[in-house]
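In the part that follows, the structures are each spelled out as C-alpha cells.
Heads up, the next two complexes both have chain A, just with different partners, chain B and then chain C.
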Partner chain A sequence: MTTATFDMPVGAQKSFGTAGVAVALLLPIALVNAIGFILPVLNLARMSFNEALPGGGIAEALTAANWTGLLHDSFYIELITNSIVVSLGITLATLLVSYPIALYLHRASGAWRTFLTVLVISPLLTSAVVRTYGWIALLAEQGPVANVIASMGFQPPRMMFNTTGVVIGLTEILMPYMILSLMAGFGRLDPKVEEAARTLGATPFRTFWRVILPLTLPGIALGCLLCFVLAISSFITPKLMGGGRVFLLATEIYDQAIVTLNWPLAATLSMLVLIIFGAALAVYSRILRMIEG
Partner chain B sequence: MMFARLSIAVSALTIAAVTSAPAETVTLTAYSGIFQEHYTKAVIEPFMKKYPDITVQFYGMPNSAQMLGTLRAQKSSPQIDVAILDVSVAKAGTDEGLFDKVDESVSPNVKDLYPNAHAEGVAGVGVTFDNLVIIYNTDQVKAAPTSWDALWDKQYEGKVIIQAAPDIQGTTFTIISNKLAGGGDYKTDVSAGIAKIGELAPGVQTWDPKPDVYAPIANGQAALGIGWNARAQIYSQTSGGKLGVALPKEGSGFQINTINLVKNAPAGDAAKKFIDYALSPEAQAAFTSEMFYAPTNSKTVIAQDALKRTAADDMDKMIDIDWLAVAKVRDGITEQWRRRIIPLSR
Partner chain C sequence: MMHQTIKRDGVETIGDPYLCLEGMNKKYGLVEVISNLNLAVRKGELIALLGPSGCGKTTTLRMIAGLIAPTAGRITVGGRDVTQIAPHGRDMGLVFQSYALFPHMTVAKNVAFGLEMRGLSRADIANKVAKALGMVQLEHLAERKPRELSGGQQQRVALARALVIEPSILLLDEPLSNLDAKLRDEMRTQIRDIQQQLGITTVFVTHDQVEALSMCDRIVVMKGGLIEQVGTPHEIYERPATPFVASFVGRTNRVKGKRTADGCIRIGSSMIRSARPAVQDDVMVMVRPHRIHIDWNAASTEQQGETANRMAAVLSRITFVGDVIQYHFDVGGSEFIVEESTKKSQVSRDQGDKAVLSWSVEDTLVFGADQ
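== the complex of A and B ==
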C-alpha cells in the first residue's frame, strides 16, 4: 500500500481558522442530530411524565407516577432484569462463537481472507426479518434441527416461541457485528508476539491465555458493547420468536405504544433503555481504561 | 408536428378543466391488507361511480392504534377526513377532541343503525360488526368444532395458538371464557375466565402468532386457534379450505369498527357524503357479501349465503360486550394474563 500524503494548500490553511472550519464542518451534523435525535428524545422525556388515561388517552401532566409505578411493579422489575440478563447471555454466546472465526480471519490473508470476510458480512445484506423467519423454519417443532436431535435418540427440546429461540436467533443475527468489531480490535495482535511466546516454551493454551487474549481485549470490549446495545434494543427477533412468552423491553415498548396505547409508559420504558445504554457505555469506557492503563 | 401535439394537449386540458368541476378528495384511513382490498372493491369504487366528482383515497394502516397516532400528530392540520377504527380506540380519539359527532345531520342513515352501533361518548358510529370464532386446520381437525371446549381438548396440545391480551382477541376471549367458566359480570371480575384460560396455557404453542393467527393455521403449523370471523372467512376461501371457521354453540362476542369524521376535515361535505354512503344499506350489503362483516344498518338486505357466514343468525347468543367499560378494566385483564396465564405456559 502506498501512503498518500494529503496537505492542504498553504493559502487555504491561512484563510480559514482551524476552529472555524471545525465548526462549519460540525454544524450540519449537529443540526441533524438536534432535530432528528435530541428534540425527539426531549419530547419522549416529557411524555414519560404525562398521565395515561384508561383506553389510551393522554392527559398533559407532570407526574412521576409512570416512573415510580415501574419500580414498584414486580412484573416490570422482572422484565427489566430479564432484558438485561438475556441480552448479556446473547452477548456472551455471540462472543464465544464469533471469537474463533474472527481470529481465523485475522490470520488469513489474500483473496481467501477477502472471500471469508465477504462471507461473514453477507448476512447483513438480508433483513433480520427474513433471517428470523429462516430460524423459525429451522427450529420449528418438526423442523430440521429437531429431526437431527430426534434421530440421535434424544427428545428434542422446545426451541421456538421461548427464550431459547430468541437467544439462538439473535446470536446468529448479531454475529457479523461481533466479528467485525473483534477484527477491528485485533490490530495489536502481531503474529511475532505469538511466535515469541511459543519459542519461549509456552503451551498453545498458555499462549492464548497470557498473550492473545489480553491483546484482543479492546476488540472484545467493543464487540460486547455493540452486541449488548443491539440485543437489548432488538425488537423483530424477540417479537417473532418469543411467542408472546418472552417479555423484553423492546417488545413491551411496542405493546404499550401500539396495542394498549399507553404512550406515557412506553416513553418511560424508552427512556429507561436510554439509561441502560448510558450505563453500558460507562462500563465500556471503564473497562477500556483498565485495559489500556 | 411538435406544435400540433402540444396544442392538442393544451386543448385537451382546457376541455377537462371546463367539463369537470374541481374534483374533491376524501382521504379515508382504515386497516391495510385484505380489509383495504375488499372495502375498496365493495364500497369505495361504487361510491366514486355514484359521485364522479369525489375521489376517495384509501390510506391503509395496520391497526387502530397507528391511526390514532397519525390523527394525533395531525391534530393542528388534519390530512385525513374519515377514519374507520376500533370502537375503544375511537373513544380515546373522541376524548382528545379529534372527531366531530356523526349524527343524523351528517347522515340520515344513522337513525337506522342497530343500538349496538352507538356507543356513549364516541363521536363516530358503528360501521362493521365482527365476532370471535374458532379457526382450525381442516387436515388436522377432521370434524368442525362446535364448542369453545375444543381448544381445551388434550389431543391438540402444543397446536393451539391464541393472540394474548392486550390484543382485543385475547380480551374478547377472556370475556367468553369467563362466561364458559360460570364467572360473574366481566366488568368487575374475570378471575374465573383467567383460571380457565390458565388450564389451556401449557398447550398453547404461541401467544403471539405471526404474521397473524390465520397463516399458521392455514399452513398447518398450528391446528386450532381463535380469530375474527370476517378475515377468517376470507382466508378460508383463499387457503382453498385448509382453514376452517366455526362459530361455537355457546356464542361469541362482537368487535365493532366505527366510522369517524375527523374534526376540521379538509374535505368538508364530501367527507360527510362518504360517511352517509358507508352507512347506507346498499354499501353495508355490498361489504357483507364481499367480506362477511355483519352490517350495522338494520335496513340492510343480504343474500342468505353471505348472511350464513356472519353471526347475524346467532344474535341472541352473542355476549353484549360494552367495550367502553372494558377499556377501563383492560389493563387489569392484561396484567392477569401476564401473571396468571402466560407464566403457566413457559
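== the complex of A and C ==
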C-alpha cells in the first residue's frame, strides 16, 4: 500500500536509466571524497617536494631532499621500523585476545549474541581519549595493576610512558575493530563442518588447526589489516601513554607539523604512512588470494 | 509402542543387535524432544528413521554420533557402552544433510582427512582415497574444491569421506533431500548397493516414505519424539500399528465408523468387517486407495462371501495423474479416493455416476477413533 506511492512511474524509469541513477547517487560522495581527501593528499604529495626554511617557512621547490634526508637519517629509519614493529605487535596482541571472543560470538545465538555484540561495540561509543586516560589511571606507578602485581610479591614493571603502555592501551582500543572484522570474515565457518571433522576422528585441537583456523583466515587477514592501519596511524594513545618518550610515525608527524613547523618533512612522513598503507593492502590481497585459491 | 517384539515378514534376519539405544531421552530446557527411545539396530542392516520434520530424527542421529549428549539413556555398539565417548572416539561415519564438506580442501583431501586423523601412512591414504572415490565414481574430480562440484557430486564426496574410514556404523541424515528427483533415484540404488557390498550397519534418516520403503531393511516410524512402530517395509505398509503410521506411510482413505454388537463396523448405512477386531466403539477405518475395486455395473451391495467389504458410492471428482487415475467418491458423506492404473482406452466417467466399491477384509485397517 504505502510502497506503491514510492514506486517510480513507468515514464520516469524509462527516461532515467539505472546507470543515471547510480551516477546521481554516487556523485555527492565522490565530490566529498575529491574535496576532502584526494585534493589534500595531492597537496601533501606536492608539499613533500618543497623546501623547508628555518623558522617554519616553506620555499616552493621541486627537491627530493626531504625524502633522501629521511632515508639517510638513522633516527627516522629507526622511527619507521619501530612504528612498523610496534604496530605489528599491537596487531598480533589484538588478534590473540580478540580471536576467542569472536569465535564465541560467532557461535552464540539469539538475544545472548545481540547482548554480547553490543557489549563488544560499546567501547566505540566512548572517545579514545577517555579510554586512554582510563588506562593511564590503571597502569600508573601506584595504580591498581601495579598494586596487584606488587601484592603478589613481584616488582611491578614500568607500564606507563613507554612502549608497553602504548601496546596495552592500543590493543584494548582496537579490540572492537578486530572482533567485528573477524566475525565478518567467519562466514565460511559452519559448525557442521567442525562436527564433520570431529566424527572423522579429529580431536578438538586438531579440528582447530585443520578446519577452524584455515576457515577463519579471511577474517584474520581482514582484522589484521584494519588494526595494523589503525595502529600505525594512531596518535592520541601513543601521545598520551608514551609520555613523549615513545616515537612513532603519527606522533612525529604531529611534532614536525605543529611544534617544529617543518611542514615539508611532516608531509613527507605522511606520504610515507600512505605508502605503508598501500603495502599493507597489497600484502592483504596477496594473502587473501592465497587463502581462497 | 511395539519396539520390543518384531516379527519378521518372511525377510531373513540380517544379524544380531549391534547398535542399541536404551531409554534415550533428550530435553532442551523443559521441552522433551526424544522420550524413552529404545531401539536395537542389527549388524549389517540398513534401518530408516522415518517421520515428519521436527519429530527428532536428527537429534537421535546426533546422539548416536556423540555430537549431542542425551539427557538420559545408554548407547552401546557391539556391547561396548559409548555414551560417554567423544565423537572422535566413536568410529562412526556421518553424512550431513548439508554435506558439510571442508570448503578449503580438495575432494581428495576431504576424503583423506579421516585417514590422516588415524595416522595412516601416505601410501595407504592415497590408496584408500582412490578406492573410495572409485566407489562413488569421482576419481576424475579428486583435485576439485567442493564449491566446484554439483550437489550430487558433493553428496558422493560426503559419502566417500564417511565410508573411507571404514566406520563401525554409517549415519546418513537425509542425504538425498537436496538432490533433484532423478538423481535421488540413482543415489538411492547406489547407496543401497554400497551398503550391502560393505555390509555396513547403517542408520538412514529420512522424511520420505518412498526412500524408507524402497531402500531399507527395517523402518522406525517416529512422531513427536516417540517411536510409533518398528518393522520391515512390508509390515509397516500392510500392518501399520497406528493411524499415524497408516497415513504417513503410503496414502490411505479414512472414514469414521461405529462398532456394532456382532463385531462389524457400521459406516453410514453400510456394514463392513475387518481382519482385526475393533477395540473401541468409535473407530477410524482406513483403506488404501489402490486396494479398492470399483464395480460400475453392480446392482446391489449385497455381501458376496466373507472376504470382501462392499459400499455404494457416488462419483464426485476425477483426477488424472498420468500413470494413475484417481476417482473421488462420496461414501455416505465421507470422501473415498480410489486409484486405478490408466489404460489407453479409458471409459470416461461422469460426476454423479453410481458404483459399488469393494475391498478385501484383509485390507481394512481399523483403529480406535482417539488413537
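Note that in this section the second predicted complex is superposed on the first by the 275 of 293 C-alpha atoms of A that agree within 3 Å, B and C clash if a C-alpha of one lies under 4 Å from a C-alpha of the other, contacts with A are read in each partner's own complex, and residues count from 1 in each chain.
Definition applied: a residue touches a chain if its C-beta (ideal position, glycine included) is under 8 Å from a C-beta of that chain, and two chains touch if they have at least 3 such contacts.
The shown structure was predicted, so the numbers you read here are calculated from the model rather than taken from an experiment.
> In the superposition on chain A, see if there is space for chain B and chain C together, and answer fit or clash.
Result for chain B and chain C: fit.
> Is A:Pro28 contacted by the first partner chain B, the second partner chain C, both or neither?
In the superposition, A:Pro28 contacts neither chain B nor chain C.
> Is A:Phe75 touching the first partner chain B, the second partner chain C, both, or neither of them?
A:Phe75 contacts chain B only, not chain C.
> In the superposed arrangement, does A:Phe161 touch chain B (first), chain C (second), both or neither?
first
> Look at A:Ala197 in the shared chain and tell me whether it touches chain B only, chain C only, both, or neither; answer first, second, both or neither.
Only chain C; A:Ala197 stays clear of chain B.
> Contacts for A:Arg245 in the overlay, against chain B (first) and chain C (second): which applies, first, second, both or neither?
After superposition on chain A, A:Arg245 lies in contact with chain B alone.
> Could you tell me if A:Arg188 is touching chain B, chain C, both of them or neither one (first, second, both, neither)?
The second partner, chain C, only.
> Applying the touch criterion given at the start, work out whether A:Arg206 contacts chain B, chain C, both or neither, answering first, second, both or neither.
Second partner only, chain C.
> Just to confirm the geometry: in the superposition, how small does the C-alpha gap between chain B and chain C get, in angstrom?
Superposed model gives a least chain B-chain C C-alpha distance of 47 Å.
> Residues of chain A that sit at the chain B interface in one complex and at the chain C interface in the other, please.
none
> Under the touch definition given earlier, write down the residues of chain B that touch chain A in their complex.
Chain B residues touching chain A: 63, 65-66, 68, 88-89, 91-92, 95-96, 158, 163-164, 166-167, 205-208, 210, 221, 324, 327-328, 330-331, 334-335, 338-339, 342, 345-346.
> Can you check the complex and tell me which residues of chain A touch chain C?
On the chain A side, the touching residues are 188, 190, 192-193, 195-203, 206, 210-211, 214-215, 291.
> Please output the residues of chain A touching chain B within their complex, sorted ascending.
53-58, 75, 140-141, 161-162, 239-240, 242-245, 247, 255, 257-262
> Could you please specify the touching residues of chain C with respect to chain A in the complex?
It comes out as residues 65-67, 86-88, 90-94, 96, 98, 100-104, 113-114, 117-118, 161-162, 165.
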